[in-house]
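Heads up, the next two complexes both have chain A, just with different partners, chain B and then chain C.
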Partner chain A sequence: MSRAGPLLPMSVQIKLSTTLRDCVPGYVPETGLFIDLAEGEATLTAGELAQRIGLPLEEIKIVMINSRQNDLASPVRNGDRVAYFPAVGGG
Partner chain B sequence: MFRFLRVNMATKSCVFEDIPEEYTGLGGRALTSTIVAREVNPICTPLGPHNKLVFAPGLLGATNSPNSNRISVGCKSPLTEGIKESNSGGQPGGHLAKLGILAIIVEDMATEGEWWQLEISKDSARLVPSTVAGLNNFDAVNKLVEQYGKECSYVTIGRAGEFKLTAASIAFTDRELRPQRHAGRGGVGAVMGSKGLKAIIINPEGGKNHPLVDEEAFKAASKRFAKALTSHPITGKGLAEYGTAVLVNILHEAGGLPTRNFTCGQFEHHEAVSGEMMNKVTKERGGEGAVAHGCMSGCIIRCSGIFPDEKGKFKSKWPEYETLWCFGPHSNIDDLDLICTFDHMCDDFGVDTIDVGVAIGVAMAGGGIPLGDGKAVMEAMQGISDGTPLGRIIGCGTATTGRVFGVRRVPCVKGQSLPAYDPRAVKGVGVTYATTPMGADHTAGYSVTANILSCGGKIDPLKKEGQIELSRNLQIATASVDSVGLCLFTAFAILDIPDALAAIVDMLNAKFGWKLTGDDVVTLGQRILSTEIDFNRRAGITEAADHLPDFFTDEPVPPHNTTFDFTPEELQTTFNWIKK
Partner chain C sequence: MNGSAEQSPAPAGDFLKKTPDGPVISADGIRRLALIRKCREREVMTELLRQDIWPERFSRCRGTLSAQSLVRLLSIKVLVAGCGGLGGYVAEFLARTGVGALTLCDPDSFEESNLNRQRFCTERTLGMAKAEACRNGILDIASYMDVTVHIEALDEKNLPVLLSGVDVVMDCLDSLARKKMLETAAAHAGVPCVQGSVARNEGLVFFDGSRRLPFSIIYPDEETGNLEGASMHTHAVTAAGTAALMVSLLLRRLCHDKNDDGRLFHLDLSVPELETLCFSAGD
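The block that comes next holds the complex of A and B.
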């Protein structure tokens, strides 16, 4: 299930950038999205989590878990903060 | 038909010269740096008569190549005391190229207190007493447009340049005749001010592009390059929609968004000053605001946006990521409207948003301005135009401000302030800050690409492995891109799409009848860097200056709690082709 609210030990906080926000109706930029993972879901990958909330995987270029660079195959655990980005650049 | 225009501010002579053979094949940064290295005594006083100010469009200027009308400004910098190339968009680069003027070389100085403006058209160039002395950029350009018309483009300095403040910039008008594209870094505006040159008016009428040796081949290559730019998600869509400000949220997430003068890598109010917010507010307010706005003819990336006020009236261009950062998180301010006002003040008074914005946060660290106090910042900023003591201090940039307020953490290399990426959390760009001959400058070798953006490969931003090689290769490639006249943002496509570089090489060959290969582009980049480093050595700036301030090596920065841990010996391997 997903909800807006503080990060609980049994949930994952998800942050989305730019166009990925349009894929999740009602997304609140300031807080992000919280997904409570059921027990036994310890092997969920960042890609599987993205699919669960309706993100098109082909649009995801960058995955950060707890502010570290990762990828769609990286495992996600309760208590993590996961951020997805499409291709972005500037400077 | 290609020529130099040599302007002597003391004698007022303006002479078109044939291009000496040794400059054949050079444009943009390659040309400004080569001219400065040959003609300027490296130990001269930057704001004295022996310095020269050089303007040069790139090799592909005024062609139908996309994004190729940038202009390079070169001199000895009063900020770094080393060689400087500062790069800008806007219309003048394309206009000069159209007139066949490959470089303007401004020499000597007018009598102190006199202000002149340089009129350039197809067959003539002359200095006349300036009609806009004492005005800031927007008023000056408005008045010049009344006098010279809307078909010209304009190069001006604001009052900061007249005061010769060492963070003063040079403004270039965009397609709507707004002076808001700037050669910002290194105090080039102070050099223009020291010469007594207030403005340059460029009338492109009657100018003809350099004939293309192989028109069909050029057209085909240009089409391929355009395709690479439009098909890459960053240059094709992302930059137009969100501007460079898109980086606020990703650098926050990566822990590399320097906050409150580099004491933390994340800013709790990042969302309020993000590219997403700027896009949303611009669309909601509508009116004169614009998403997807190009700053120069031929731009298909269109990153420069227009930010409207609450009534929909023009407020500023979209501030760049670096501007949002230094007046925002770095200064503990989260008010987007206020930051846009500061951005506009910088454009109007003619100062570098980075060196001045970083100075604001440094002044806060030293107690000179209350932390996060927008009203106090507004007064300090106004002081730049009014010439108050605080305004002059801030207008001289971060190093001066840090010294005046006794600050321990002064984020500068070679006197120039660090931009918006903490080098402890984005180590690749830290290597560039430390080693580039320009003083701390992200654009000199933008390692943020592979460190954060997964562009041109992936390298762990918190580790040392691969960073020196990455910075080296990017510094070489950037020097070449700056010489061709291309917007640096084309590099996103060049890094990911192999045909983009091939298309650039093909365009150069088709225009000039050359037989360059991709390797020659690397050789050119190395040659430019070697020339610049050699100038710095002769100016007394040795390898010992290639390091970051020690708080970056002493103090771990949250959230990753890493330090910048390269040794000076490691950093000195960056330019490994230069014999010691």
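The block that comes next holds the complex of A and C.
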């Protein structure tokens, strides 16, 4: 289940960049999304989290968890802030 | 410069203006001194700055740059790869900040769809080579600069030539594949590279001087494809903001000895916010 906020101890904040925002109708850049993890769902991967909100994995090129580079296989925990970027190469 | 009246028929003092911040010299004064002394304007500026006499054009930079930093900037040559959305603003900011020499490289000409964001695209310059229009604009700002133009795409053949004698590269290209190629060539030549990219309301900028290949770390997939289409979807504010960030990182390194290795700056003007991220390999 996703919602507009705030970040609770049992939730994950998701921020989307540029074209990935098109995949989530109503995405609000200021707040991002908040996903509440189910009880007992201690961790899931960044890829599983992305799929849960409908992001096409092949378009995700950069994964940042708590502002550090990770990848789609990296575990996400409650309270984490996860940012997904497509390739950004315009000049 | 400090010689007697006999040795120097036009001492700098004749051209100085007093200001509350100290003496300054006008662009006309610098030109005349350079003519009289048969030297380049940048040499005049450098010598005066060493005496803390500032060219009037840079006098409002006091407090943000030291005279010593300005001397350094006047001495460097920067390759601006790509003269479109990012490159035009980057070139302008470098010229207004005191960089002495630019090499501008872009194979394309201005089209009407560039008018929304590209610094030197005007109704008058439509159809003109971007690098040429950029040079004209830069020389209108700072006629003493050395500006060379290459109306060609970067490739593995011309990169070693273009990088020769260059102190810093500003990567303003619009294709991840060419960005990776430039990064590799610059690292091979030992030339540090400030990298910037834009899409929509966002910009990504980094300046890693550690000789790693940050683009290859950030985008480990080999097949990144050509993103020229994506670059068309942004506007002047994002291009200018991202370009400002690129030049700021350069100034942090050159003038303030600050190290931004491993840091990826994400400018999101839709919020707006600037976030500092860390890319991982080599940490």
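Just so it is clear, the second predicted complex is superposed on the first by the 88 of 91 C-alpha atoms of A that agree within 3 Å, B and C clash if a C-alpha of one lies under 4 Å from a C-alpha of the other, contacts with A are read in each partner's own complex, and residues count from 1 in each chain.
The criterion applied here is as follows: a residue touches a chain if its C-beta (ideal position, glycine included) is under 8 Å from a C-beta of that chain, and two chains touch if they have at least 3 such contacts.
Just so it is clear, the model here is predicted, and its values are computed rather than measured.
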For A:N70, using the defined touch cut-off, is the partner it touches chain B, chain C, both, or neither? Pick first, second, both or neither.
second
In the overlay, answer first, second, both or neither for which of chain B and chain C A:P25 touches.
neither
From the superposed pair, tell me which chain A residues show up as contacts to chain B and also as contacts to chain C.
17-19, 29-30, 61-62, 64, 67-69, 83, 85-91
Residue ranges of chain B in contact with chain A within the complex:
232-235, 238-239, 241-247, 249-250, 253-255, 266, 271, 274-277, 303, 320-321, 442-443, 446, 448-449, 452-455, 458, 460-462, 488-489, 492, 559-560
In the complex, the residues of chain C that touch chain A are 82, 84-87, 171-176, 179, 196-204, 217-219, 221, 224-225, 227-228, 230-234, 264, 266, 268, 270-271, 275-280
Which chain A residues qualify as touching chain B in the complex?
15, 17-19, 21, 29-30, 61-62, 64, 67-69, 83, 85-91
In the complex, chain A touches chain C at residues 17-19, 29-30, 61-62, 64, 67-70, 83, 85-91
